[in-house]
Amino acid sequence: MSNSTANLKWTAYLSGEIHSDWRQRIINAAREADLPFTWLSPITNHGDSDDCGAVILGEENNAFWHDHKGAKINAIRTRTYIEKADVVVVRFGDKYRQWNAAFDAGYASALGKAIITLHDPELAHALKEVDGTALATAQTPEQVVEILKYVSTGVLKR
Amino acid sequence: MSNSTANLKWTAYLSGEIHSDWRQRIINAAREADLPFTWLSPITNHGDSDDCGAVILGEENNAFWHDHKGAKINAIRTRTYIEKADVVVVRFGDKYRQWNAAFDAGYASALGKAIITLHDPELAHALKEVDGTALATAQTPEQVVEILKYVSTGVLKR
Amino acid sequence: MSNSTANLKWTAYLSGEIHSDWRQRIINAAREADLPFTWLSPITNHGDSDDCGAVILGEENNAFWHDHKGAKINAIRTRTYIEKADVVVVRFGDKYRQWNAAFDAGYASALGKAIITLHDPELAHALKEVDGTALATAQTPEQVVEILKYVSTGVLKR
Amino acid sequence: MSNSTANLKWTAYLSGEIHSDWRQRIINAAREADLPFTWLSPITNHGDSDDCGAVILGEENNAFWHDHKGAKINAIRTRTYIEKADVVVVRFGDKYRQWNAAFDAGYASALGKAIITLHDPELAHALKEVDGTALATAQTPEQVVEILKYVSTGVLKR
Amino acid sequence: MSNSTANLKWTAYLSGEIHSDWRQRIINAAREADLPFTWLSPITNHGDSDDCGAVILGEENNAFWHDHKGAKINAIRTRTYIEKADVVVVRFGDKYRQWNAAFDAGYASALGKAIITLHDPELAHALKEVDGTALATAQTPEQVVEILKYVSTGVLKR
Amino acid sequence: MSNSTANLKWTAYLSGEIHSDWRQRIINAAREADLPFTWLSPITNHGDSDDCGAVILGEENNAFWHDHKGAKINAIRTRTYIEKADVVVVRFGDKYRQWNAAFDAGYASALGKAIITLHDPELAHALKEVDGTALATAQTPEQVVEILKYVSTGVLKR
Amino acid sequence: MSNSTANLKWTAYLSGEIHSDWRQRIINAAREADLPFTWLSPITNHGDSDDCGAVILGEENNAFWHDHKGAKINAIRTRTYIEKADVVVVRFGDKYRQWNAAFDAGYASALGKAIITLHDPELAHALKEVDGTALATAQTPEQVVEILKYVSTGVLKR
Amino acid sequence: MSNSTANLKWTAYLSGEIHSDWRQRIINAAREADLPFTWLSPITNHGDSDDCGAVILGEENNAFWHDHKGAKINAIRTRTYIEKADVVVVRFGDKYRQWNAAFDAGYASALGKAIITLHDPELAHALKEVDGTALATAQTPEQVVEILKYVSTGVLKR
């Protein structure tokens, strides 16, 4: 039946870890499978993400305000994209505190977005509140793609 | 007058029974009549709908969690589609408990969607609360198509 | 300045009186002026609007339920269109009670839509609450078109 | 069972006709039955309602602006009360155009309020769109009280 | 720590099955434990719930409209109560189709209410979509009370 | 990574001062950089903005109502555009009171829009509440363009 | 009729000018008339309002961040109060730029609050957009009190 | 002026770290100062918070589901409290990943709640996105109390 109904265009926001290639693996696999998705992501260049406020609007002596100016400019992108997304995939890696990823998950949850978390099993206990609000918890980018393929096209690879 | 104004593009979500060809009858008739509708539906493959969680994310020993993982993945599609729909058609057949169809109707109702129910007259008493929130209660897919034709194009077949 | 910025696509819903040619006068003048509007309107065939419920879903002995079935089917169109509209033009003529026009105005007002009322000065006292919520009160379809031209293209005919 | 659960406090807004004693009949009967309701109503003094803007803020030469100033001040009360109400009772009498009553019904409907209409059967055809959005259509104030008693206390007088 | 912060007043709506004493068991146990809850429930008298429309507003020849009038009057109570509730407990028994219970769950879910389902394990597969949206699935009224005690007072009986 | 994901189409509303060329500088620079933006702005012809109500709907003797009619017609454009915008840039110049610019900022803030303020440092103290709600405060149109380039394309000019 | 219905408790937020006694005149007159209002206002101590951030959280070398910290702490009060208010009275005096008052008006307008503006006629042209969204424009605190008396108690002093 | 207006009752939710006495320090100091606050907090007993699902609803073999059941029951409290709060204070300590605290901040932010973060300066860089959405960032519980005193009573201790 699914192939007789139009496949709607979906939008996914890929939040979280920026030090591995998980986004590219999802996007590449999804494109090969021709999934009807628009992909959105935060700025993934760590240095630019830290310094954008100071670079564009002027240096700050105080590290707090240096960070503050940058964080707010990044929020222009992040909030706009989360609001436009149907699905928010949130990736947690094994390094850094990644509080912005958890923040994005909370923000998306309050807006009623479908959330998929992506992390290793060792992080499951620490992430139980975030996983508790997700509609799926995956361990690999490939699982995320299978979920997105299934929900958007109806094809389940057994 | 209606033919002098642009026909807006409509979106309909077809919720409920997956064991008869009612969706196809609606879509085929609507396409013949060239109605300006995008059609959305849940996964209608019963087995895939039951097993998608376990197939993609791994088997569960416990039947409750097997079901739970699948139900939540299906919800990624279902909720996204209901939110994008202008009209939600909810079909109740004579078999199974179909609580997910009634759940969809409640979800759509709280979002203010236009609801059309589709069922045999024998089910009317049991469905009175659901019908009470619908803007139309039809007995055949062809009646649904006539309603959608009338509201979208202004043509009423007498 | 206005001609250097993209003209957004607007949507207008034309609510109310169905016994004069005011809709056509607005749409024709707007098309001549090439205004960027999609036009939506209720069913303007009085007989179809009254009978659609009974014609599609079956006759009713009781006039109340005959009307009820029809009114609800018309609401599928009306509510969907008001929700999609940026501007709701509500026309009151000199005949009939036209409670549905006032109802549409209230519905649009609560949704925060921009409302333009269109009626003769003699009706102004009776319509003071509705006019009080409107962003403009016009007496002729041509004034409505001038308003829509000005707000959408920035051109004011002096 | 109903008498074992706390009776919540309800709020009702009584909209519409101001030339008969229907509000008093509802309130008196409800008080006799000790219903847990707070009663809200628009200004029911016709002259004050018309002139409040000019009396408080200064006379206007132009009748339109005289009405406009008054209508908006009345809206401070009307909108605030409708937003605070659980149930909106809308009464249509046999005189005047009463567009403000229909406007209130539309406003309440878009906010998802429970609406009860109250009018004679002769008005049913003209009010079919308003009745179509109501959860009950009564012909007498006493019926309204019976409905409110039943939904708030669970007692149905057979 | 929890006993140093004020216990907020909670409101719970008890939806679903009306043929067993599950509501009374929850309310009695909660009162013994002095839980800070206001309890709301639908009309639990089956006959009154079916006939209220006809009894108050007049008989209907047609069973569909008899049911329709009653279902809508019950909706005045049901929707108002669900909107006021913090927690919605939905009970499914082993008899009847109980589509109104599933409808309530969907309605509550779209409003973002915390949902607790209550049913026997045999119903779990048929209720997987409803359970998938619940924050807890209990098998006994006593478990529901323990959950409500824990979330409202912080006391967990081990 | 950013260049591997689709650049979403953005919409910006340029609110405030109409006596310098700041809008054109932003739009020109953004077009040269090929930024994916649709640009919206208020009517920037001062005379038309003041007189539109009287010109289209008829002269008023009273200056207050002359202004009132015009302000409301301009609001049809302003509110519609702010609601459609992802980003609202609010420019304050050194002349006039510009209360409408601050009003737009408040309106946009309550809707959760991303706000960028643009003004000279001398105005910073008087604008501290408005800047406090903005995600960036720029001093030149070129800084605004750099922010919009960075958030929409991920390119940061160091 | 109005005296037969309960007077609801109202909440008013008094925004804007802090250099004259207009708030006290409103509150005193309202208390004499026993109006059912809770009165909310911003911090009206100019120095405290400017310095609160630095005093509580530590000094800043940079004036911009000094202001920023203070403005945001004041926003905790301002936004919370506007959201709790039924009516927002916004006062504009003849000194200072008062952009925060216009910002509050825009914020309140987007939330659908009833707005009353209070200012001298000389400011009317500059405030036309703000007045255009208000439900009343008063010139004296006494007029504001008369409006609030009328809408809350139904008494109109002629 | 502030002491002439009623102090509204405020509600604060204290989210985050459960291994130090910061909540008690805030509540004690606020009570001494007689601040008009109701205090809400998550379950702060670590063991109960982890095990509540298994204790009430039955053991799980699989650690993921053990956590999942508990996390969702805790969410009944957490979400209800955040939604009822005017101010959400989020505390980050130096141990554990505390993703639930960041999640709460994101959830509160999307709901438009006033957020105050509380953490040591060393965490500022890692928390820059969360601080970027907060209306104040404090380093000690006493600073939080001073903020809450100032915004609720208008008293600033210099």
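Note that the chains are named A, B, C, D, E, F, G and H in the order they appear, and that numbering of residues resets to 1 at the start of each chain.
Keep in mind that, in the parts below, a contact is a pair of C-beta atoms (placed from the backbone, for glycine too) under 8 Å apart; a residue touches a chain by one contact, two chains touch by 3 or more.
If you're wondering where the values come from, they're calculated on a predicted model, not measured in any experiment.
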| item | value |
| --- | --- |
| Chain at maximum distance from subunit E, centres defined as averaged CA atoms | F |
| C-D or D-E, whichever has more C-beta pairs in contact | C-D |
| Separation of subunit A from subunit D, taking each centre as the mean of its C-alpha atoms, in whole Å | 48 |
| Centre-to-centre distance between subunit H and subunit D (centres being mean Cα positions), rounded to whole Å | 42 |
| Approximate Å spacing (C-alpha centroids) for the pair subunit C, subunit G | 36 |
| Between subunit F and subunit C, distance of the C-alpha-averaged centres to the nearest whole Å | 30 |
| Subunit H: positions in contact with at least two other chains | 72, 74-75, 112, 137 |
| In the complex, subunit G residues that touch subunit H | 14, 18, 23-24, 27, 38-41, 43-45, 48, 51-53, 55-57, 69, 72-77, 79-81, 84 |
| Complex interface listing, subunit H residues touching subunit B | 60-62, 65 |
| Subunit F residues touching subunit G - in the complex, by the definition given at the top | 63-64, 67-68, 70-72, 74-75, 78, 92, 96-111, 121, 124-133, 137 |
| Interface residues, subunit F side, partner subunit A - complex | 1-2, 4-6, 8, 10, 86-87, 112, 114, 116, 135-139, 143, 146-147, 150-152, 154, 156-158 |
